[in-house]
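Each in structure tokens, the structures are laid out below.
In the two complexes that follow, chain A is the common piece, with chain B as its partner first and chain C second.
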Partner chain A sequence: MVDKTREVRANQRLITERCFAVLVWIAGILGIFIPLYIITFITINGAPILSWAFLTLPPAGFPLGTGGGIGPAILGSLALITIGLSFSAPLSILAAIFSSQYCTSHNFLVFVRFFAEVLASVPSIIYGLFGYALLVVFFDLKISLLAGGITIAFMMTPVIFVGTHESFNLANKELQQAAISLGVSRLFYIRKVLLPKTLPSILTVIVLASMNAMGSAAPILLTGAIVNSIGEIRLDLPVMSLPSHIFYLVGEAVSFDHAFGTALVLVGVLIFGNMGVGWLKWRYIKNDG
Partner chain B sequence: MPWNKNKNDVVFALLSGLVLLLVSGTSLFLIFFIVQSSFPELSDFINLWPRLTGESWSPLTNPPTFGIMHAWVSTLIITTISLTLAVPLGILVAVFTVEYAPRRLSLIAIQCTEILAGVPAVVYGFVGFVTLLPAIETLFDLPAGETLLAAGIILAVMILPYIAAIASSSLNSVSIETRIAGLANGVPKFYVLRKVVLKQSLTGIFAGTTLGLAKALGETLAVMMLAGNAVAVPKSVLDRGQPLTSLIATELGEAGVGSPIYEALFSAGATLMVLVISINFLFWKLKGRLSYNG
Partner chain C sequence: MDKKISSSDKVFSASHVAPSPALSLNKLNAGYKERQVLFNINAVFYKNKITSILGPSGCGKSTLISVCNRTLELIPGAGVISGNVFLNGNDIYDTAASAQLIRKKIGIIFQHPITFPASIVENVLFGAVYHQKLTRQERLDYARHHLGIVGLETELINRLHEPAHKLSGGQRQRLCLARTLANQPEIILMDEPCSALDPSAMRHIEELIKTLSKTYTIIIVTHNIAQARRISDYTIVMTNGRIIEQDQTTKIFEKPKRKQTHEFIEGLIG
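The block that comes next holds the complex of A and B.
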């Protein structure tokens, strides 16, 4: 009698164990399947339309976007990122240098870090709202490349700041004492030791921030994007961008073929960037060891 | 001072300090600006409550009404759907990669979920538009598939990698000895997992959930493409809706500066921002505890 209940209980336990394992495997396979499905889906549907002409020509046809290509959108995305980076990268790296090298107040540092991390996670639409009200309307930049680029810079700054601050702190732990004991000045240490040493991780952060900005359409839609341009890149004119172009093609049901093609280009660039970051990290680790 | 000093050094310190002040000043201004624009005068603060609870958004009627209740109800429903789907799945995926999968497969799964995090929102919206909407149309026999459910499902896929990544790193931080001790005593794997490992990594799982929540609240484009952009207060998950983010993105272009609609959109933005900032505060606290435990 006693033996029997024990056997039943053991059986039950075995069954729960098995069920849970099956559940976990299903979840795991889903976790592999969903991304692969999305990527394959885009690739299969987007590949037929890819051609040199698609990558370089402006959109054409009626309604606009049913023919031609996405040349101006690629250029526009690149221009937005470039402007965003040229504002945010120097500023946030300088700010990170100050907080990791010169600032001595612990409380202030904790506050700045918390504040930056909060800003890094503020939804991109809020940056769009801010950029629209301040840059487009108040400073009268209109919907333009410059307004879009500065909005992007606002988004990138906290991300780059947090990333570089982290890597400066790590490098400090190893190298600062040595530098002090050799009697060099701080500026020399920063220029000749700290920056070269942390270059791979600075680049990593910059690439990550750029890819993040490249994919986000919401703020650009409000501040810098237009559905069609002939590809002229000027600071005071709006530009096309890859994500906003997809949004237009799908939202107005213009052409799904072209949307697939554009999505493939965008995702391709982002995955390529991800791989680049992986390679940088790997190099960084190798150099360290 | 231990450092060898020279003049350039001081100049550089001043310069970088100024830059830090400039950057943090601008950022503080951003937060202040958004909140302030939603009620330009202090007396308008009283309008905030009726605006938040107003059921009707109709800027074109006379008199116009700017209730944004439909928006935050939509946001609430979509976020709930996405968390109910993504949190259990994310935890299970994490358990899979840490405990169950062979090493190779586990690496593949981690790589795949990382890819998921790199795909931009608009692409998710598009893929959902062509795959999910027709499926929902046939499944629930609806005239159009744009529903809160569709937006919630896609959002779940979007936040899955964040939840899975944080959950698996906190599962990893539970020491191997704990597991081995359990297994050596003949306790089944699931039992050890349930009673010991998951319990110890609860903080991490919760932190992952808060991060996912913050991401879900702020997501704009994918949700906008799938939720249908209707301004009625949604009553079920199969209704159309317009979350806070979509409301802003849709209406901002037509809002004159300083007009009531402009203020209403800013109060939508401010609500969203305050929510996300408080969630992040929670996340920050939890992360502190996390690294302390690990």
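The block that comes next holds the complex of A and C.
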């Protein structure tokens, strides 16, 4: 009787385990298939339009965007990310250093961390609205590269802060003890051990935040984007950007071909960005552990 | 500040003429946020001698040595409650004492060898370049000299610029020792330095400890009763945060005064 009950239980466990394995396989295959399908779909629809002229020329034709290319949008997106990063990366890393190495108040840390996590998940249009109200209207920066870049920095800062803070916390506490016990200062430890040790994770979080910001149209639509430009990059002038250009081409039903072409370029930039960081991380871990 | 602690602190047998003390603990109480771990600790560690600290797990051995170079205070909420630790007669917990300088003078080796994300040479020089001015050429010579002391120079002659994490456990522990020696300490604390090593690497480290004791004062926390007997000149036995007996190692092992000491070294209590 006892043996039979055991056998039934064992069979039930086996069935549960197999069902779970099937579920995990399906989820895994979908996880790979869905992004692959999206990229393939964009590539099939966007590849025919790609050419050197498309990558370098400004938009042309009537309505605007049915001809020419997306050269100024590529430049504009890169400029926006550069400005966003130059504000957000140092600020977030310093804030993470403060919170993980210097701040002694646990309650303050919990408070800061909670709000940073909330901000990291705020929809990007809210950053756009905030950037518009604060930078464009209140500080009178006008719709410009600077206003758009700072708005993107607002959006990236909590993401980089949370990721960097997490990687600092994950860095072995024993490592800190070993360094400080040699009589060196906290700053020396941060410079020589903590930052080199966590550099791959920091790079990853910076790239993820940048790629996410680069693909967002909402924050810059109200603060820094323009429909057409000859490609002049100036802080006080608005710029074209890849996501806002897609938004314009599709929203105004101008050209789906050009929209897919732009989307393919944007996805390509994101893929190459991630691959670049992957390579850097691999090289770094291989060399320095 | 200049209060001197003599070596006649009634902690060792009356017949024993002790050498001069390097580090003395006086009525020391210490602990963590919620609980006290060390109770009324009085101990003396002698110059150029090896002192082992023995005791069951959780008795406060590691806390005791982390008090000795002010690394305990790196843990939030932990620290000394009362009492003094004297290095050459000066209280290391005096408000005027620099914790960084104390940690330079009293180096510590941990149970798990921790290497920094840098090359072997950079690891050796980590503390040295912070405390001393060394030219580029001097740096390499300095690192090689200290690697030589721990017997790693010839082993690693062609790998000096390789990442330190590629070394074996025993080599990493010797590298950590070289890194501490390069800091020019007066005292070396060792928190179970051989517990993560295989017997061959352990033997190597033990020989090294014996050699180093000619130049440095060494305090070693160990679980390994046989190791304490093999290498140390003096032994301290602890239980429940208190020192139950301290004396010359031969006396502790041959004629322990306390029943608890006898039971511990016989393996009757763990």
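Here is the rule we go by: the second predicted complex is superposed on the first by the 235 of 289 C-alpha atoms of A that agree within 3 Å, B and C clash if a C-alpha of one lies under 4 Å from a C-alpha of the other, contacts with A are read in each partner's own complex, and residues count from 1 in each chain.
Convention: contacts are C-beta pairs under 8 Å (C-beta built on N, C-alpha and C of every residue); 3 or more make two chains touch, one makes a residue touch a chain.
All values derive from a computational prediction rather than experimental measurement.
In the superposed model, A:266 makes contact with chain B only, not with chain C.
More residues of chain A are in touch with B than with the other of chain B and chain C.
Shared-chain residue A:234: touches no atom of chain B or chain C.
In the superposition on chain A, contact of A:104 is made with chain C only, not with chain B.
By the touch criterion stated above, A:192 is placed in contact with chain C alone, chain B being left untouched. Touch criterion met: A:178 reaches chain C, while chain B stays clear of it. In the superposition on chain A, A:9 contacts neither chain B nor chain C.
Of the two partner chains placed by superposition, A:281 touches none, neither chain B nor chain C. Once both structures are placed on chain A, chain A residues 180, 183-185 are touched by chain B and, in the other complex, by chain C. Looking at the complex, you find that chain B touches chain A at residues 2-6, 8-9, 12-13, 15-17, 19-20, 22-24, 26-28, 30, 33-34, 37, 89, 92-93, 95-97, 99-101, 105, 108-109, 112-116, 118-127, 129-131, 157, 160, 164, 188-191, 211, 214-215, 217-221, 225, 245, 248-249, 252-253, 257, 265-266, 269, 272-273, 276-277, 280-281, 284. Note for the complex: chain A touches chain B at residues 13-14, 16-17, 20-21, 23-28, 30-32, 34-36, 38-39, 41-42, 91-92, 94-95, 97-99, 101-103, 112, 114-119, 121-130, 132-134, 137, 154, 157-158, 161, 180, 183-187, 190, 211, 214-218, 221-222, 243-244, 246-247, 250-251, 256, 259, 263, 266-267, 270-271, 273-274.
Touching chain A in their complex are the following residues of chain C: 69, 71, 74, 76, 100-105, 107-108, 110, 112, 114, 116-118, 126-127, 130-131, 163-166, 176, 179-180, 183. Chain A makes touch with chain C in their complex at residues 104, 172, 174-185, 188, 192-193, 196-197, 287-289.
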